[in-house]
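In what follows, chain A forms one complex with chain B and a second complex with chain C.
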Partner chain A sequence: MTAAAAHVWRVALLALVYAASPSLAAAQSLTVRAAGDMLQVRGTGLRLIEGAVADHLKDGRSVRVDFEMTILDKAAQGAAVTQNRQSFTLSFDLWEQRYAVTRAGSPLRSISHLLARDAEAWCLENMAIPITAIGRFARDLPFWVRVEYRVQDQPPQVETESPFTLRTLIEALSRRRPDETPGRTLEAGPFRIGN
Partner chain B sequence: MRILTLLLLCILSAPAPPAGAQDSEPADGAPIESAEVLGFPADELSPGLRRDIDGLAGKPLARPDVTQLARRIEEERPEVVVAVRIDARDGGGVRVFFVVARISDDAGLGSNINARYVVESVEIEGLKEHEISAALRDRLQALVGTRLDPAVADTLVEELKAERPGYVVARRIERGTRPGQIRVVFKFSETEGLRWIPFAKPRSKYVYHSDAGWSGLQDIPIGQRDQRVTLGFAMDDNDTLVEEYSGVRVRFEHRHIGTERIAASLEASWLNNTWRAPTLAALEANPLVAEPYRQRITVEPSLTVALARHVRASGGVSLSSLESLHDSPDSQMASAVTGSLVYSQRWDRDRRMRQSVEAGYDVRASADGLGSDLSYTRHLGHARYEFEGGHSNIIADAFGGGITGGAPLFERFTLGDSATLRGWNKFDLAPIGGNRVFHSSLEYRFYGAALFLDSGSVWESGGRRDLRASTGFGYHNDNLFVTVAFPLNAPDAGATFMIGVRF
Partner chain C sequence: MHSLRNRLVAAFLVATLLPLGATIWITTSLLDRSLGYATTEELDGLSRTLEATMRQFYERERRSLKQDAAAARLTATSFTMDEPGAAPEAVRAFWESGEDERFTLSGPGGDRLDYMARAAGRVEVYSRELGGIHMQELAAQLRQARELVGSMAGRDLRRGFTLTLLLLVALVWLVSLAPLIFIAHRISRPIQSLTAGLTRFAAGDWDQRLAMVRDDEVGSAVGAFNHMAEQLRRNRERLVYLTQVSSWETLARKTAHELKNSLTPIRLTVEEMVARQPQSDREFMQQAAQIVIGEIETLERRVRAFSEFASEPPVSAEPLDINAIVAERVSLLKPAHPETTYRCTLDAQTPQVYAGADLVKGILINLLENGAEAAGPGGTVEATTRQQGHEVVVEIHDSGPGLGAEAARTLFEPTITFKKHGMGLGLSIAKKHALRMGGDITLVEGALGGAGFRVVLPIAGGPGSYERGPGSSDPAHKLT
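After this line comes the complex of A and B, so read on.
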């Protein structure tokens, strides 16, 4: 079997495993809780530190990620009740093999020695919204939460000829423009402060 | 206190970590006179950790234990980093300092936690060191022995790019050979644009044309920097020629024949041909045009020389055996000497703006010496200009050609497919193609939404020449197209739908 054929089989097998794994697709979830007078969001399945971002970090580079958290009065196309935007800088400590995160703005906050999922969770925790900002929804009305993030720093693209593989075909069909940034959106609800 | 801490961190040449040790430090085993935490209130540490730090006093120095305590401070207070400093005392003893700094108090650490480490070495990959100017090499080496400053390292990446255009430069850092130290690696990756002679463009495509149906070509290139083998499979491809063909081909390419400026290739193909009814009917009515064939076997060796950075000349032969459709197994040979001259250049002003130009001339002339049964000469000139700026693209393309003599059907020109005179059907326009052609196309894209205007004509020398035009819209990117096109000067202006991928 040639290297190209082996690669095709490997990618096909990975795609099959991924498609057959409902836990991977369904593992995203958001929960909210009131911490004092702040509304804190926790999430799983953010999938920020993986793939190219994880590779970039493990090359000792840092990655800036812009988060936007929106409280909605309805699912999907609901109106924004309040919004919080925050930038974080992630890096990976090569000797400790742990992630560090710094929240931009004033005051700066930083943390290190985190596992990938803990680093993602720390970003969310540091986007808490004052409960007073959600107005009447603080009084037991249902609301929805949308979390979006965009990765701003990308490794340079090396232009190569593209031997055909399933991966290159998929990449070719979904090729981003150089100035586009990868990201993700999670939305969940309904939540109530009383919950 | 904050300033004092930062000052201390800067003074310490090895601000780190856990395990960071320095050449001039006292040897293990020296008695520890005292252990202190600087830059952070010790009473904010857990009682157990404070006790263990205080307990160092009186013990012999063991760096792993000190390192472990530094790590415990960081784990207990993840908002800080800790550097260990060990000072020798006159009496042979040592004092141990845990110098603590908040990450958020240091812009470098905040942007990259590895800024706490000292650069052990700077390395270059993908390029020989002497290919970089001495001044820039010196600046790279000046990083050694200092704490990593990501901003400075990124500036050096930009300077390296400016000095070696055509390369992609990426920076990465790795653990050094000693704990707490790192290696900075600047990696150069050669882009295809730097090569004197590019490999043949991939021809893979899957196309649906509402008049002509499905066509498929799949190239599978396998190879390395200088050599490549491409396996090709054709599946009912009727998109570009008057014939429809299926079969396989294999292409060998070597683009370093003693020098990068000389390349050789050999392509062989075995194709089975079928013909549309309009083509067969038109052939019956035009006995002077070469006959159709059921199988085409072709061998094409060629040699390419890069005359200059952007100019290439190629020469070779093309030997085709055409098994007659009506009188099988009789066959004809269509053998030609081939030549081409190509100019191509690309200008990248920045990531958002680029322009490219390609222009060329191809000639294929049958040669008695190669045993050709068909006598002909085919000329084709082509030019293409592409502009990409922001989210806009402009593509202007034109070609024109002529054939003298009786060329085989695969050499005849056609228009009216997924790339030329979109909106027209080539089997309506010229089912056996023509021996003269002219075509131009102008396309504008904005965020992939495309508008285009095609015009051209394919005709028989001495015959009637009708200029046709078409327009349309769709979604086009580098690989995918979805197009609705309309002929502009046809009696029946029905729409043509095309969708496909090219890669």
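After this line comes the complex of A and C, so read on.
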């Protein structure tokens, strides 16, 4: 094997490792910014409305997504400084070909006529964390941001009069094992508010 | 050891599993065929086609509405956004979105299309009917169709139906298996105990009896076993007794013979000695001879009793009215024991017995005499008769002092007593005669406080007498 060929192999191997690591792939996909007294996160690599999720939405079904944003004191296994959890419900307008998002909790907020990436971004925007919550990391220390989401795609439930009917039994025994719940973890950092 | 129960259960398994398997196979085959008619894919295709078509329609309506608005062919409703709160929700949302234009559906079921355009400080809304097409309603129906398709795609109905069928069949089968095991256990348990009883009985437990628990074939078998065991026990006891009696008879016969052989020459010699004695000394000699001859006569009576005990008179069995014989024997004895009260409780329904009249009379006389002697003056002797199964029971009770344990144990064994009356052979002879007729004599608890004897005799025409056959005159030989 020549030196050039060995170099090509090394590069290919590194590229493979890089591609196989979601956190590495997403390392540059999150950015943070201070919006007033809130810390907002933006991401370009969220890729939430894709594949099965997009198919479900285009079939007219609503999809619930649970987000969890964590501020870490260091990368990977760092300790959580603060956390924010939010649930969003996505839906799709068949005729306008646009998405709508509703944030659960109080106050209830919703928006419609969004493109897929805009809907994802809106979810992240609504995960904002008060800057005061991150304490001394607000100005002095670097911090890392980890965003996790998990799609809770509930198959349509068949309404039955009683849980102990023949129909319920058939439903339970005929159900295929659901696909692994789509989810993703993005982590990026270090950030400073001043950045 | 539950082989019978296990076999019954195995029979159930074999008898049910094969048709059950066939039923399941047929059902699942039919299920496959019926699922083949499912129209899920057609529904999927139809919904997609409809969606695409309606989307084209919607696009066209959008374009048309926008063109008409631009050409001022439509009148706009204008909302000034100085106070957004006064505008409808959809207009307000549009205003806040920052978009230049937006289309929304309105009206019942979405049968109107609204076109909102942003202008300086206001929103112009143009609206048009969609020709009676309810787009939102249609979207909901399409969603339902897609949900149904998705639901079907997320299910393996064949597996679901098959597993449900198997589960229910297994459940029903198990539910039916449980009572079967119970029933099999109920059937096999008495047979098991019958087998165990037979085994113990065969091992020598002659008192082995089983509880009658059911009134069916098994219960009849248990009853037959108990009856057989009782008959065998009694016959065995009779056999043992008769064997003993036979030995005693041989001994008595030889003793009587030897004594008789000795007593005759002694008696003749004594008489000769007296005859040859001179007249002067004869008085003393005659007195002495009288004493010797008296003792010889006593011995001769015992020898005769021995001979009688050893003898086996023929049994002329015939149907007898036992009540009449008992009454007649009591009447016969009353004058001999005037101080004794005789009481007869004779069941009029008592059937005839099949026995020898002389032997029966001898037995009754013996027992009634013994009773009167035991009761003494002022005492009572009671005779009762009744039917018990295939036998007739005659009981003689007295109000005497009763019998001690040792006396009761050896009551029917032949003995030699030197009391004034009786030789000690009466009861053993009576028992022997009863046994020879297919009956028995046993000691029972006295009803009058004294002794009680039970004489059992076979019924005329009953199973016992029939076995001996009408021509047989000695049923005891049949027993031995």
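Observations, loosely collected:
One rule holds in what follows: the second predicted complex is superposed on the first by the 140 of 195 C-alpha atoms of A that agree within 3 Å, B and C clash if a C-alpha of one lies under 4 Å from a C-alpha of the other, contacts with A are read in each partner's own complex, and residues count from 1 in each chain.
Simple rule for what comes next: contacts are C-beta pairs under 8 Å (C-beta built on N, C-alpha and C of every residue); 3 or more make two chains touch, one makes a residue touch a chain.
Because the structure is a prediction, the values reported are computed rather than measured.
In the superposition on chain A, contact of A:Ala80 is made with neither chain B nor chain C.
Of the two partner chains, chain B and chain C are each touched by A:Gly60.
By the document's definition of touching, both partners, chain B and chain C, reach A:Glu96.
Legend: residue contacts after superposition of the two complexes on their common chain; A:Ala35 is shown touching neither chain B nor chain C.
More residues of chain A lie in touch with B than with the remaining chain of the pair chain B and chain C. With both structures placed on the common chain, the touch criterion links A:Ala52 to neither chain B nor chain C.
Of the two partner chains placed by the overlay, only chain B lies in contact with A:Arg109; chain C stays clear of it.
Where the contact sets of chain A with chain B and with chain C meet, they give residues 59-61, 93-96, 111-113, 155-156, 158, 169, 172-173, 175, 178. Chain A contributes residues 2-4, 59-62, 89, 91-96, 100, 102, 107-114, 155-164, 168-169, 172-173, 175, 177-179 to its touches with chain B in the complex.
The touching residues of chain C, counted against chain A in their complex, run 51, 54-55, 58, 93, 97, 99, 102-105, 135, 139-140, 142-144, 146-147, 149-151, 154-161, 163-164, 167.
Only residues 16-19, 71, 74-75, 78-79, 81, 102-104, 109-114, 117, 150, 168-175, 179-180, 182, 189, 191-193, 198-199, 202, 204, 218-223, 351-352, 391, 477-480, 501, 503 of chain B touch chain A when the two sit together in their complex.
Contact residues on chain A toward chain C in their complex (touch as defined above): 56, 59-61, 93-97, 111-113, 155-156, 158, 166, 169-176, 178.
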